[in-house]
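Some structures to go through are shown next.
Look at the two complexes coming up: subunit A is in both, with subunit B in one and subunit C in the other.
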Partner chain A sequence: MAKTAKSNKITGNIIFYLLLVIILICATFPFIWMVLASFKSMVDLLNVDKMFIFKPTFQPYLDVFSKYDFLRPIFNSLLVGVVSTVLSLIFGLPTSYSIAREKQTIFSGIILVIRIIPAISFLVPWYIIFNKLGLTGTYTALILAHLLVSLPLIIWIMIPYYEQLPKELEQAAWVDGCSRVGTFFKIMLPLSTPGILTSSILAFIFSWNNFIFALVLGTNDTKTLPTAVFNFVSYTEINWSSLMAAAVLITLPILIISLALQRYVIAGLTAGAVKG
Partner chain B sequence: MILKWVDKNLKYIFTLPTIIFVLAMILFPLGYTLVLSFFEWGMSNSVPMKFIGLENYTSLFTDDRFLPAVGRTFYFSAVALFFEVLLGVSIALFLNREMAGKNIVKTAFLLPMVATPVAVGLVWTLIYEPTIGIANVIVKAVGLKPLVWLGSPDTALASLMLVDIWQWTPMVMLVVLAGISSLSTEPFESAMVDGATKWQTLWKVTLPLLRPTIFTAILLRLIDVLKTFDIIYATTQGGPGFATETMNILSFRHAFEYFQFGKASATLVIFFVIVLSIAAIFIKVKNKVEVDY
Partner chain C sequence: MRSTKRLICMLLLFTMLVSLFTACGSEKPAADSTTANSSAAANSSSTAKPFDDTKINFIGFGAMWTNEIVANLDKFKEETGITVNFQQLANDQLSNKIAVSSAAGGSDLDVIAFRPLQETLLFTNNGWVEPLDEYISKSPDFDINDFFESGKDICAIDGKMYGIPLMTEREIVYYNKELFAQAGITSVPKTMDELMEAAKKLNNPEKGIAGIAIRGKGSDAVTQFSGFLRAFGGDFIVDGKAAINTPEAIKAFQFYGDLLKNYGPAGVANMGWTETQSLFTQGKAAMRIDADSQYGFALDPKSSLISDKVGYFVLPEGPAGAKPFNIVAWALGISSGSKNKDASWEFIKWSLGKEMDVKTALAGNPSTRNSTWTNKEANKNFPADLVEVINQTNPIGVGTDRPFMINVGEARTVIGNVITGAILGKDVTAMANKANEDFQKLLDKEAKK
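On to the complex of A and B.
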């Protein structure tokens, strides 16, 4: 009896891990495919018999930088991502603290509505307004646009974070004669570091990935990586190897951040979804 | 003195930058879109805006692209959402056990949803490429006829649904997995004491307890799937023909390809109302279900 139970358990385990491997392959296959294609010469890529066995080459990566202008978009993406995230923190942290402590629930409602509205609803008026102000194609326009994603995101993640920090800590500081503003900067901000980390990582990832804003508001000089890579496709002949090399380069920083800070990224993405 | 004044008005001062942002970048533009939707304007300096009342709206319903785009948006969203929830919940329940390398597995599931959508779109374009893509190699290997995937109006939308399902099933899975780990163990212990089978426990205990979590996951996905833009625009731009033209893509084309801002604004106002009402209705249903339970 005991023996069959044990062997049943082993069979169960084998089936479990087999299924798991299949699911994992499905989840990661496009990435594996992207990396494989990015190391193929065009000849090998067009040969269906050389799907998995081929002579790797770095040429596609060299081509990305020599044939296409790729450094500029990298710089643009970093600049827009970092500045919009930092600005969102400066605006968003005091706001979320105030909403959490003063129970300004109307703001949570507004943030939710912003989250629901299609981003393109703002793009048409922005495009016209930025044009009138002479801001089209500037970093200012792009950064302002990216704030639409990162500011609500940061507030959304930080409100519950401040709500769950015990009030006693602040009250003790007030009794000691510290002002409310001082308490916020000296006590609440340092205490909320994990939340700040979570929300700013996500804000940066969403800014880095954002496509539609730079597509409309960017110019050749200011366009960010997704738009730049998208424009590669419109060249007369698609150079698939270089295109995949570009896709690898644009995804790589996000993958590294997600691997290194997995716990924070998952916490941010599922924020507000599960109330314990 | 100043500090005291600041402390007293903290709730206004701390929220002021955000209020200004919301007014200038969100409320004002939304009003502007609404106003534009009553005008005809091609953003030209020589031809002024012309007030045409509701004509932009009425013309949409005789337009042969608008209603199909609305239908497509719902069709795409419904199918993608259905499979994302079904697969996401199943995989989360499947993974809910002692296992080696759980963190690696979670990271693998994180990748599709955090990877840059444009890059994802391009990779899938290569996978779907009829002559050199691996999709047809697999299809042929199982003995089926090769497809044109994104290249044919018959299969393009379904091919994009598959991409969306691949990309966002992990979202549902991670939310449900987080929900499972927050459940208390008591109901499961009593179920075991009462001699419930695994199957009974799943249907009578686990799933009912997870209902609020699953509803939240559906809400999060619902809001985003209706607005899917990146993977569609990066792969087909709404084509071939108009086969993958959803409301989002259609309004984008009206605005930034044909520069018909009035018509684009009218489309956007309708799109906006639809997305907001669906979300509001769903939130109502969700709250009711949670209270009932």
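On to the complex of A and C.
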């Protein structure tokens, strides 16, 4: 009896890992292909026989920086991503705290509506407003546009976070003479660091990947990485090698952030998921 | 709980309405800014150095032409003082960006590159591009008469020019000389039947070599299909009516479908120009039909395994003759909302002027000027046998490669479905009848406007 249970467990394990490997191959294959392709010359890249065995070259990466000036978009993406995330935190954290503590469901409702409406429907009105303000093609316009999406994201991740922090902690501070603002900064903020990390990572990733805002609101000077990728697509040919090298460079920071801070990202995705 | 729900609904409605109104309100400011622009332009042209410190935005596509122009922008600045801010996008993104910007006044666009066959009607109907006749008449050195007549026609609506042709392309057949020799084919196909015959001989699935590769993916395929449709005596629109279910058209669909189904590469029904290009340059397709502007990729040893084996021939003739397209792929125009129209014209005049046109031709751009094509020096970088095929195609070429209408995108999808269906071996007659109905509906919708 014990023996069959054990062998059952082993077969179960084998099936589990087999499935895991299959899923892993499916999920990572595009990435592996991308990385391999970024080290190939165009001739090898299109050659199916040289899928895994080929003479690696760094030329695509050199081209990305020498022929196509990729530094500017990297800088732009970083600037827009960091500033919009920091601003979202500055505006969003006090908002979610007060919504959580004072049960301001109307406000949270409004914010949720903004989150539900597809961001693209804001695009034309935004464009007109920015045009009138003379802001089209500036970093300000891009950052404001990204705020529109990252702010509700941060607020809605942080509301349940503040709700679950015990009120007694604050009340104890009040008894000791701390002001309401003081408790927020001295007690609640430090306690919510994991939540802040989670939400800002997600907000940053959104901003980093966003394409449509940068396409319409950006110009050559302010274009971000996702739009810069189109430099490799020309009317008569597509430079796949450099395109893949650029894709690797764009994915790398997000990959590193996600792996290093995996715990927080997952926590953020499931925050409030099973709340009664 | 119910009140919260109702609140959310109200808010949702409110936000939608607001964005609707903001969008509607855009027409007025656009008109205002045009008048302001013209007076600003008048002021600037009266000063001695009119364009010092002027900045213009130019959005366009990537190609050999653009690379050469971008490399020379410093010289342009030296001559005129104009700084050109260039943004490169892919076809559809470019079109979208122009649409969104123009709908909102278009003041951040100056020079725009557009595809005359795809976008002229839409852009002029909405008033997004500026008529250029006034500028042209002010610039005799530009010599507008030097441009191909058919190119100018396609950029003009009701006698007004809205764009200056930039790049031409023709439908030609690329072939792999080595594979032709191996199959024992000594002369290139001259008729559609010979083409089918050759494709049959060259097709070698065991070796993974397809007889012929042409676009098979729905709307992408429409442009290449046009040459076949007309060779069989059909056309997309005849006397203003949809005509894609005529006996000639059905024959053409059937032929195109059979050709690719029997002798095309595996999965051809999902292929666009990049896929057939890869197959051909990897030596996996013996023939390929597409635009001649893409020749560079096949000849570059860095991207092609067959760089020394490429040959070209004119699209074979069908029952109604040889009817390849010969079109203007791109043109330059000025956005109506631009605040720097004079400077924008200065840029167009320079970039498409005779001097730069020779330079861009040397860089590999198929020009739209007669003087460049007759200039031996300017064409020396084109392969001689390609120039021969181009010169044979030019006189017989048809000026459009797709139905010329506003909603060409949807029309291409409708027609493309029949092409893909034919390749997959479906009932072509039934599909063409159904598509013709849908196509006619699209035409009716436009006629009403």
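Rule of thumb we're sticking to: the second predicted complex is superposed on the first by the 259 of 276 C-alpha atoms of A that agree within 3 Å, B and C clash if a C-alpha of one lies under 4 Å from a C-alpha of the other, contacts with A are read in each partner's own complex, and residues count from 1 in each chain.
As a working rule, contacts are C-beta pairs under 8 Å (C-beta built on N, C-alpha and C of every residue); 3 or more make two chains touch, one makes a residue touch a chain.
Bear in mind that the values here come from a model prediction, so they are computed numbers and not experimental data.
Overlap between subunit B and subunit C is detected when the two structures are superposed via subunit A.
Look at A:Asn231: by the touch rule set out above, it reaches subunit C but stays clear of subunit B. Touch criterion not met for A:Phe58: it reaches neither subunit B nor subunit C.
By the touch criterion defined above, A:Leu24 reaches subunit B but does not reach subunit C.
Within the superposed three-chain arrangement, the count of touched residues of subunit A is higher for B, of the candidates subunit B and subunit C. Judged by the touch definition given at the top, the superposed model places A:Ser179 against subunit B, while subunit C stays out of reach. Once chain A of one complex is fitted onto chain A of the other, the partner contacts of A:Gly109 are limited to subunit C, with no touch recorded for subunit B. Of the two partner chains, subunit C is the only one touched by A:Asn220; subunit B is not. By the touch criterion stated above, A:Lys132 is placed in contact with subunit C alone, subunit B being left untouched.
Touch criterion met: A:Val43 reaches subunit C, while subunit B stays clear of it. Once the two complexes are laid over each other on the shared chain, residue contacts for A:Phe75 go to neither subunit B nor subunit C. Once the two structures sit on top of each other via chain A, subunit B runs into subunit C at 93-101, and not at any other stretch of 3-11, 93-101, 129-137 or 345-353. Shared interface residues of subunit A (contacting subunit B in one complex, subunit C in the other): 46, 48, 110, 113-114, 116-117, 121-125, 127-129, 131, 215-216, 227, 230, 233.
By the touch criterion given at the top, residues 4, 7-8, 11-12, 15-16, 18-19, 22-23, 25-26, 29, 57, 61-64, 66, 85-91, 93, 96-97, 100-101, 103-105, 107-108, 274, 277-278, 281-282, 291, 293-294, 296-297, 301-305, 329-330 of subunit C touch subunit A in their complex.
Interface residues of subunit B facing subunit A in the complex, by the touch rule stated above, are 3-4, 6-7, 10-11, 13-15, 17-18, 21-22, 25-26, 28-30, 32-33, 36, 43, 91, 94-95, 97, 99, 103, 105-120, 122-124, 126-127, 129, 131-132, 134, 137, 166, 170-171, 174-175, 178-179, 182, 213, 216-217, 220, 223, 226-227, 229-230, 233-234, 248, 251-252, 255-256, 261, 264-265, 268, 271-272, 275-276, 279. Listed in rising order, the residues of subunit A touching subunit C in the complex are 41-43, 46-48, 105-106, 109-110, 112-114, 116-117, 121-125, 127-129, 131-132, 136-137, 215-216, 219-221, 223, 227, 230-231, 233-238. Listed in rising order, the residues of subunit A touching subunit B in the complex are 16, 19-20, 23-24, 26-28, 30-31, 33-34, 37, 45-46, 48, 51, 90-92, 94-95, 97-99, 101-102, 104, 107, 110, 113-129, 131, 144, 147-148, 151, 155, 179-182, 184, 205, 208-209, 211-212, 215-216, 225-227, 229-230, 233, 240, 243-244, 246-248, 250-251, 254-255, 258-259, 262, 265-266, 269-270, 273-274, 276.
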